[in-house]
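Below you'll find the structures, each written out as structure tokens.
In the two complexes below, chain A is the common chain; its partner is chain B in one and chain C in the other.
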Partner chain A sequence: MSRAKLGAWIISIVFVVLLLFPLYIMFKISVSAPHDVFRESPPYFIENFTWQHFRNVLASGEAFYAPLSKSFITAIAATFLSLLIAVPAAYGISRFDVKLRYILILIIFMSRMVPEVSIALPISITFIRMGLFDTTLGLVLAHLIRILPVSCFILVSVFGEFPLSLERQARIDGYSRIGAIRKVVLPLSLTGLVVAGLFSFILSWDEFIYASYLTLAEPTMPIKMYYYISRGNIFSSATYAVIITIPVLIITFSLQRYIKPEYLSGSVKG
Partner chain B sequence: MVYLRLENINKSFGSKQVIRDFNLEIEKEKFCVFLGPSGCGKSTLLNIIAGLEQPSSGKIYLRGKDITSFAPHKRDMAMVFQDYALYPHLTVFENIAFGLRVKALKEDEIHRKVKEVSRILNIEDKLGNYPRSLSGGERQRAATGRAIVREPNLFLFDEPLSNLDARLRLELRKEFLQLQQRLRKTSLYVTHDQIEALSLGDVIAVLKEGKIQQVSTPYDLYNQPRNLFVAGFIGTPPMNILELVVKNEDGEFVLSKGNFSLKAPPKLADKLRKSKHEIIFLGIRPSALFFDNGKNESDYVFEGGIRLLEMLGEDMLAYIALEGGVEIRAVFSQKRREQKGRRVRLGVSGEDMYFFEKNGRRLC
Partner chain C sequence: MYSLCKAYRFEIICVLPILLYLFVFTFLPVAGVFKISFTDSASGDFTFDNFKILLGQQEFHTAFINTLIIALGSLTLEIGLGLLLAMVLSFQGRRTGFLKSFFMLPLAIPTVVAAVIMSYMFSSSGWVNRILLDLGIIGEKILWLSGDYKSLFTVIVADSWKVTPLVMLILLAGLQSIDRQLFKAAKIDGAKPFYIFRRITLPLLMPSITAAVIIRGIDAFRIFSLALVLMGENLKVIGTFAYLEFSEYNNQYLSAASALILFLIIMTAVLVYIRFVGKKGLEAT
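Right, the complex of A and B next:
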């Protein structure tokens, strides 16, 4: 192993440890007996392992399952809607010349220039009038405010990178423009679609501010976790935190195989 | 019989006009080449014919039928792109079969056709491969196979050989020529490579800034250029072009630049008597110049010193400084073993001299 390579490894390991350590603490608390945590100097390793906190959370019934399903439904709906809107929008934008493309993306990102805290209240007032307050649809729409600029941004560069001649080839070979997009552009842009979808899901899944303004009787998982944090129940909040993390990990790892950088290789000679 | 007719085609992108009043008729089974420097609008023209771009104005007729508003998939044309545009997720077989599958042909028919085409193109053993494992030449063949398997109305080629190295290009050029003789299909071929154009085209249309300069056979294009641009663009090394001032000395026309001067040949003198020209351009191909030993019948003789020599292979290219700072290129056999600095006498026959007006139009 060369010296530079060794250095790179050491730096990577340091970073990974720094990033994973808080996660480890979170996990450790969620499976530790209380007396291991409430100590003057808590141990670094799990000494008395217990599933008790998980059992408590799972046993809380509707109080746990309702936010879980609400969060899932919201995130899945937000992902689906964001792709439904962002795919055609981004495709259109990507076909403009680069200068106009840049301006349009900038305009789309303007909606993210306003802090969410400051627009969440007006939105919740408007949603109360429209009957969208404390509904899944209302929350999904609010989440789209933060998701759409990101998914559009990702997809514009995905479609912008897509070789135009490949799309044209499909149109020459007998597909209409829509057909070429459906049969060639989208399948071959799967990597980008997966990344955009992943971002959309995560942005909705762990969203807090809109959820805290727009939900009341039916909170989402992050709100539920905050409820335990504010009440000082660190075991429940750590357990919730672990539970919130798990789907993200599963989705990321299972979709990773679609993220292949060399997917288009051999197609066009650059 | 006119197969494809382009009528007053104009195309602008924003304020930039790339095609101007383009008119062209292509006969059935002809191989027509659009030749021009990059940015002359030749690829845009091909895209317009394919339906991938809409002309700003003008009409396209295929077999007498107006197809201007037809979408690409309704025109039944096949196109080979410069970058091949192979579907990366499909094998060579599926790439070639793609258009046939869209047409919903029967499976055994698809197999028969793909096999036949791959045999012609010599890629039978690559049918199971994915594009990324193919060499440049094989990719090119696969892309060509995908075009010919469809038996389309019209073949469109957008610089199909420009991404290959010189040796492979020569090989595939020959294959194209054989393919064309075998299939006898009406084709349009875009290139910036004049040798490719001259060797492949039945008809060549030379373009500059979106305008047709000349449409003719390769033979006429080389021997009878209609204007200065065509004369300078066709032929390697390029034609010598000298800008000369016309003077009338007691009824005799003399062309000069500084100390360098020559008498106007009779065919030019006739023209000069009919219309007044102050400046004309003289064009002489480097290969039309020969060594004058006093015995051969050269109409004109230039004397000068060899300033630079370039070995081209069998031929040698010499830059020769004439009087008055005029420099010309001459090509001759390397067997002469000429040396730099040597003084030479070069002759040229009057019929190998081309004269152009100041605006570029051929005078005689």
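Right, the complex of A and C next:
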């Protein structure tokens, strides 16, 4: 092995360790006995393994299940609504001519430039007035602000790659425009739809900013975790962190093959 | 115009819902922030007072400077490390698939969870101090989260932990799309590695770098969860300043004014970058 190759390996292994170590600590705290965490110099390895913190969280009843179900229902509803809006939008965008497509993508991209705090504040004030504050529906509507650009960009690239000739053929065979989309375009783009849906789900599931502006009595999982960390409850926060992360981890890795860098950056080749 | 509408009637109907949504949930709120930030808290009249108060407030100055330092610092670190890692991984060739999986990990960690993890790392009895002590690099514990310049550094490192892999993946994709023949030709012509990097790699990678800088830059200025969870009141950025003004001090007017200033900073930064570095990458955005 040449010296340069060796150097490259060393650099990447150092970085992998730096990336993994904090995750290991999160997991370690969530399964360590208290005296292994609070003592002067805690051990590097898990000495006294315990599921106690998970049991405590699961046993806390409504305090755990209410945020869990709120987060879950919000994420499912947001996924459904985001597909309902983004699928036609992405289809339309991908069928416009280049110039119009570019303008629309730019408009959607511009919406990402607005800081969440400046959107969340007026929405929060309006929602209080409309009675949508602290409701699941209100949160779903707010989460779409974050989700729609991403799911839209993913779907534009999916529909953009769809062979137009197939769609034309379906029209020639007598399908209406909508029929062709329903019977040909959508079924053949199913993978892309699933990817967009799953992305929507995790973007809602781990959302924090809108939730902190729009919820009070009925927190979501991330808000609940923030509550524990700000109270210094290290075991509950670590346990919540693990519980929140697991679905995201599973989804991200099962999508690894489909994740293109342009999705991650929220951009798309026009 | 009319013929355009007719030709694209179906497509226009398709994009109407999202445009309507963006209007109600992005455009109107922004207009709302403008309105609130120019509204007098007592009389409800038009006023510049909220901005005068903010600009005269030491706390806001600090939050402003903190935001700039953190945004520029984390962006520099992330692009630098991301580029280094992308070069290293593309240099290693085919075996990167397995390494790439590891670099995906922080992407799968929600930002707020990353913030919680980083608070375990950087608290005074946390693991960063522990390791530095064990290695004999420091003699006593460092208070990373106390709110001084060390805390700025902490936020930058914590943000980079989460984001560098993303930058790396964007740049790696850019690197892998460069024609290998170019490097071979340059080598045959006797070009030195650094010269190749400066004259071939960097220019051809520029669109990817621009995309990464713009997208990451926007998020770097918008930094919120990480700063709130790690620092709370100890160290404020404009985002958390606006949030705490609203939720803790119940002052929506100052909150709106500072949120508006943050928005203007982001717009300016993006325009300045496009003006000086070029639009090339934006076409890929």
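Keep this in mind: the second predicted complex is superposed on the first by the 226 of 270 C-alpha atoms of A that agree within 3 Å, B and C clash if a C-alpha of one lies under 4 Å from a C-alpha of the other, contacts with A are read in each partner's own complex, and residues count from 1 in each chain.
Please note the rule applied: contacts are C-beta pairs under 8 Å (C-beta built on N, C-alpha and C of every residue); 3 or more make two chains touch, one makes a residue touch a chain.
It should be emphasised that the depicted structure is a prediction, and the values quoted were computed from it without experimental measurement.
Go through the superposed model and pick first if A:Glu218 touches only chain B, second if only chain C, both, or neither.
In the superposition, A:Glu218 touches no partner, neither chain B nor chain C.
More chain A residues touched by chain B or by chain C?
C
Classify the contacts of A:Asp134 with the two partner chains as first (chain B alone), second (chain C alone), both, or neither.
Neither chain B nor chain C is touched by A:Asp134.
Contacts for A:Ile172 in the overlay, against chain B (first) and chain C (second): which applies, first, second, both or neither?
In the superposition, A:Ile172 contacts chain B only.
After lining up the shared chain so the two structures overlap, which partner does A:Val184 touch, if you call chain B first and chain C second: first, second, both or neither?
It touches chain B, and chain C stays clear.
I'd like to know which partner A:Pro163 touches here: chain B for first, chain C for second, both or neither.
After superposition on chain A, A:Pro163 lies in contact with chain B alone.
Could you list which residues of chain A make contact with chain B in one structure and with chain C in the other?
Residues 177, 262, 264-270, which sit in both footprints.
For a test of understanding, state which residues of chain B touch chain A in their complex under the given definition.
Against chain A, the touching part of chain B is residues 47, 50-52, 71-73, 77-79, 81-89, 98-99, 102-103, 130-134, 136, 139, 146, 150, 163.
Under the definition above, what is the set of chain A residues touching chain C in their complex?
Those in contact with chain C are residues 4-5, 8-9, 11-12, 15-16, 18-23, 25-26, 29, 41-42, 84-86, 88-89, 91-93, 95-96, 100, 104, 107-109, 111-126, 141-142, 144-145, 148, 152, 177, 202, 205-206, 208-209, 212-213, 222, 225-226, 229-230, 234, 237-238, 241, 244-245, 248-249, 251-253, 256, 259-262, 264-270.
Okay, in this complex, where on chain A does chain B touch?
The contact residues of chain A facing chain B are 163, 165-166, 168-177, 179, 184, 187-188, 262-270.
For chain C, which residues are in contact with chain A within the complex?
It is residues 8, 10-15, 17-19, 21-22, 25-26, 28-30, 32-33, 36, 81, 84-85, 88-89, 91-92, 99, 101-113, 116-121, 127, 130, 134, 161, 165-166, 169-170, 172-173, 211-212, 215, 218, 221-222, 224-225, 228-229, 232, 238-239, 242-243, 246-247, 252, 255-256, 259-260, 262-263, 266-267, 270, 283-285 of chain C that touch chain A.
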